[in-house]
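Letters A, B, C, D, E and F mark the chains in the order given here, with residues in each chain numbered from 1 onward.
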Amino acid sequence: MKKLIEGLEKFQAGYFSLHRDLFEELAHGQKPRILFITCSDSRIDPNLITQAQVGDLFVIRNAGNMIPPYGATNGGEGAALEYALHALGIEQIIICGHSHCGAMKGLLKLNKLAEDMPLVYDWLKQAEATRRLVKDNYKDLEGEDLLEVTVAENVLTQLENLHTYPIVRSKLHQNKLSLHGWIYRIETGEVLAYDSVLHDFVAPHSRLPAPEPEYNFHPSCEIKKEQA
Amino acid sequence: MKKLIEGLEKFQAGYFSLHRDLFEELAHGQKPRILFITCSDSRIDPNLITQAQVGDLFVIRNAGNMIPPYGATNGGEGAALEYALHALGIEQIIICGHSHCGAMKGLLKLNKLAEDMPLVYDWLKQAEATRRLVKDNYKDLEGEDLLEVTVAENVLTQLENLHTYPIVRSKLHQNKLSLHGWIYRIETGEVLAYDSVLHDFVAPHSRLPAPEPEYNFHPSCEIKKEQA
Amino acid sequence: MKKLIEGLEKFQAGYFSLHRDLFEELAHGQKPRILFITCSDSRIDPNLITQAQVGDLFVIRNAGNMIPPYGATNGGEGAALEYALHALGIEQIIICGHSHCGAMKGLLKLNKLAEDMPLVYDWLKQAEATRRLVKDNYKDLEGEDLLEVTVAENVLTQLENLHTYPIVRSKLHQNKLSLHGWIYRIETGEVLAYDSVLHDFVAPHSRLPAPEPEYNFHPSCEIKKEQA
Amino acid sequence: MKKLIEGLEKFQAGYFSLHRDLFEELAHGQKPRILFITCSDSRIDPNLITQAQVGDLFVIRNAGNMIPPYGATNGGEGAALEYALHALGIEQIIICGHSHCGAMKGLLKLNKLAEDMPLVYDWLKQAEATRRLVKDNYKDLEGEDLLEVTVAENVLTQLENLHTYPIVRSKLHQNKLSLHGWIYRIETGEVLAYDSVLHDFVAPHSRLPAPEPEYNFHPSCEIKKEQA
Amino acid sequence: MKKLIEGLEKFQAGYFSLHRDLFEELAHGQKPRILFITCSDSRIDPNLITQAQVGDLFVIRNAGNMIPPYGATNGGEGAALEYALHALGIEQIIICGHSHCGAMKGLLKLNKLAEDMPLVYDWLKQAEATRRLVKDNYKDLEGEDLLEVTVAENVLTQLENLHTYPIVRSKLHQNKLSLHGWIYRIETGEVLAYDSVLHDFVAPHSRLPAPEPEYNFHPSCEIKKEQA
Amino acid sequence: MKKLIEGLEKFQAGYFSLHRDLFEELAHGQKPRILFITCSDSRIDPNLITQAQVGDLFVIRNAGNMIPPYGATNGGEGAALEYALHALGIEQIIICGHSHCGAMKGLLKLNKLAEDMPLVYDWLKQAEATRRLVKDNYKDLEGEDLLEVTVAENVLTQLENLHTYPIVRSKLHQNKLSLHGWIYRIETGEVLAYDSVLHDFVAPHSRLPAPEPEYNFHPSCEIKKEQA
């Protein structure tokens, strides 16, 4: 704690003093562009790895960077998501998993957690879709390889889950939202992004997943769109 | 997004390259010392304001830096808390609220949120203890003053809630855990910490809240302690 | 009731006698090919409109042909779904909405139901994703047109929800499951099926939505697939 | 699916064309007389076994024809029940179990389902009243005999559960509702109905369970009734 | 508190000293004969009004003497019920309502409670079956008369709810349990008991509701019973 | 039951007749001073051990004298608590555990209850904070000693839980509420009270735990207090 309190003073005397204008402006309201959902893991610093400025990223962090399906939990995840999209008008969501994720390791040996960490156990059961998919489809993998696949599939599971949220579905329908799946590799510092055409995680500069346009079913709506 | 992807490259070429050894070490496991619970607000960067290194802070972020009472929710909060204390052996928890918090603003006009942001509404009802305390006890306040008090009281509510978690109660009993309540002021860059003796938020260097020792009821235990 | 009891006798003397072999065989076990999810509405008779034989359709019926997201409810929907896919090995799911649906009418005036039909109100809130999408995106519609669009969008919402179920995600990954969205029009007796390429509901013979193939992320898996 | 789509055409060209008037009338609204609650099992076709016309039966179907106690679940069961009684004014409820029911077989070996079909496991725990009654009271039975008794007792459990629903209790009090317990035997095509006087399932024509009249406690009410 | 602490001493010096043998025996285990469920109301003293000795009554007390349907709540009611029947072997349950019950008054003006007493509001919604029955069937009553009827109907609602508990259903089937509905009138000190034949609350000595015998469906069981 | 019904008559002819005035007054409304929360155990008679008069104690009784954290359960505990403090204006809460408590015995062998008493099992999991604290901190205890400590720690756990209730937190802040932890020893008839200064349970006359004053954070409030 001592070091941390010294850090507070160092921050105020250093970074804060140099960016006094920015913080003054931020005191009047935040206008982040990105909702960044990632793991609680101490090795991830969202602002550092994206070199984003203070005020750029609205951040949700929990064990395993999870967003359970709409209605499945009453924790803070859905509320922060709704606030980001409705109150702040954010139009980009990134779900960022990471290599060596302790939560995903736990998911692969779930039953061993029930006794000692019952809350972790209950929470990871929310990722049952990941667990079952991996168990049924990657029977020949183990160790690091299995973990790596689990991290990747889990990012996709959470992207699926996002689609069940009312505000997400509505914004996607309006082409006002895009969803991104990332994996951060601690050992190389690189980030891979899911490419929905290639069905793989690739370097993010190659191609960004476009928001899939959705359509209206009613003729009169279609006409309006064409005219617009 | 373009800027963010450029940031990823900048991070890898810059900070990561300079700290390659640190990240290599971290790839073998995290050993954070602090569980840092704060708001999703984009204006808070935990590592920046504490000048903590990558790997130092295990972070939970949601709207309003809340930890509902044990059993009240099945979101990620309790699981990350349990993981931090049981799996990682963390012995320091900081709950960090902040000035101009949108979640606390929402709490002060809760009924207006039910229609447009039902998930935010439901989540903030978890802070009913804060809302009722403020409503009953600070009737003469309004505007910024009221918000400021709400932010402060909410940090204390969350500290109370922490006490209901089995692992927290057990670790407190062993003197292996201390809890800290912070408020980060965006406009000044300063952090105030709750002082349980002064019953006020003060500059954190003045005095740190000591973990309140707890006692055993059984003579034989008492004796063991004395001998130890 | 009198008429119904006479019907029982008529069935036994008539249809049953004529198909005694079929029923004897069925007594040894069911082997349905289709999971048919539709509304409780009395005007829908799944076996009649599909001319399916006894034993062909495993049927879930509730108000509004809904399958809430995984984990959101603890009613019979998820269990019947899981039983159909895991225990019976069914590989085709049809979600069949219908014109003039009373549940969808209720969804469009939801707040009026809270007082008199609280359980209906609570249940329809599970279709909030449909309600919000329609409210935000079809502001120029009303009456029959609005209802028609709501029925259609609700079928798509339920298809999205299906993707969050562990067994569904795993089976889709194996290409062992396909999902179909239907609308039954009472007044014409026709059925329209959702075409994911056209993004519209069309006559079902034109083109069937192919199960979208999913991919493995791990090289060794890819290789196995190629060899297979 | 091919066969099913041909069935759709066959239905429209055949049955629908012959009953065009009926469907046109039904398009203006349903007026079913019976709420029929039965299992999702593919071997049950409610309209076929009762020879009821399209529009006669409002149908709830789930695994095990269950209606959990009021408040115990938030699935579609309670909502469809409430809609049937309040919005449609239905005055007859039939709960129809059946021989060889897979759900009841599952109930008799419940613990074996927890691993592979967790949702089925959770759902069947809603029939714990059936399971415990059978386990405690029919210790000498096994195999087909045990299953048969379980099916029968489960129908009675669900009838008990119905009594806890506000709308059911209120309608019973007004003598505006009667409840019926049925068992459909696939191998013989017969239906047995519960007789509350004989305390047994018998051929349904012998005697129908009369709605048990309930009484008011207040003198002034009693008088009104007598005058009426 | 002062008076209470003096009472403790008075008890120990007086009643306890006189019944030292009884308490010594009780210290080895309780063997109560009755599960007594009543309101938290301070005007009810179960041991006083029944003149029961210490050790005779196992007592559940909450606002409105309620036992919600099985599975509807996770409070202490179901657990204490199960413990009483399974662990203690109790074979008599009394649900005892009372005149001037504040909880029932609250139920009659439920919506007014939502704001100030949200937990009371949520709890009383568990008595919705009482509220709706009274609202639909006693439209001509008001004031004291309405309250009196509500208290009576609520006792019957709770008796219905009891039937949904697995252990209750199983014990009733074995004729090892009887259920009693009582109303205690504070102003007269009298207790009325529900008579299921008269369908009314009457003086309890006139006739006790016999446990309704239940029957087995399976011939072999019937035979065994006859032999036994 | 026969004895009990005779007791009713004895009460009415005896105690009631002698205190007719008191009961008449009570019929107009209760004004209890104490909320007394204790176990359902038949060996506890709150009015007897405190020698309190009818009308003095508002009583909550469940297995283990538990008040789960705010929001964790939807049983009657929170509602009765809220009613006592808000509607009745009670300012003293006593949580009274007792020696030889069957619920606490169950807590110490929790896993053995899951099969036979699932509701008791689920309920006792609400006392996980007690169970874990005892398991981690009193490893050298067993038998009666372990049970005694568990009873004591559980009273403290429930006191902690009380702090999470909005009305409790607000009243504590106003110095309008005090909380007391008691243990009743059946074999000696004595009661011990928790002393927060000594951190031990002692004879209640020695010192009463004073309501810990809480403070406002806002200067203007502080000033008002000083002036008052």
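Assume contacts are C-beta pairs under 8 Å (C-beta built on N, C-alpha and C of every residue); 3 or more make two chains touch, one makes a residue touch a chain.
Fair warning: this is a prediction, and the values are worked out from it, not measured in the lab.
Undergrad: Would you mind checking the shortest number of contact hops between chain A and chain D?
TA: 2
Undergrad: What is the graph distance from chain C to chain F, where chains are linked when they touch?
TA: Counted as steps through touching chains, the separation is 3.
Undergrad: From the C-alpha centres, identify the chain that is farthest from chain D.
TA: B
Undergrad: Nearest whole angstrom, what separates the Cα centre of chain B from the Cα centre of chain D?
TA: 51
Undergrad: Centre to centre, by mean C-alpha position, how many angstrom separate chain B and chain C?
TA: 44
Undergrad: Please tell me the distance, in whole Å, between the geometric centres of chain E and chain F computed from their C-alpha atoms.
TA: 20
Undergrad: Quick check: what residues of chain F touch more than one other chain, meaning two or more?
TA: 68, 73, 118, 126, 128, in rising order.
Undergrad: Once the touching pairs are worked out, the chains link into a ring; list them from chain D, going toward chain E first.
TA: Sequence of chains in the ring starting at chain D, next chain E: D, E, F, B, A, C.
Undergrad: Contact residues on chain E for chain D in the complex?
TA: Interface residues on chain E, with respect to chain D: 68-73, 126, 128-129, 131-133, 135-138, 140-141, 145, 148-149, 152-153, 157, 160-161, 163-167, 169-170, 173-174, 199-201, 214-218, 220-221, 224.
Undergrad: Using the touch definition from the top, list the residues of chain D that touch chain C in their complex.
TA: So the residues of chain D touching chain C come out as 1, 4-12, 15-17, 23-24, 26-27, 29-32, 34, 40-43, 45, 47-52, 54-64, 66, 68, 73-84, 86-87, 92, 99-100, 102-103, 106, 116-120, 122-124, 126, 180, 186-191, 204-205, 208.
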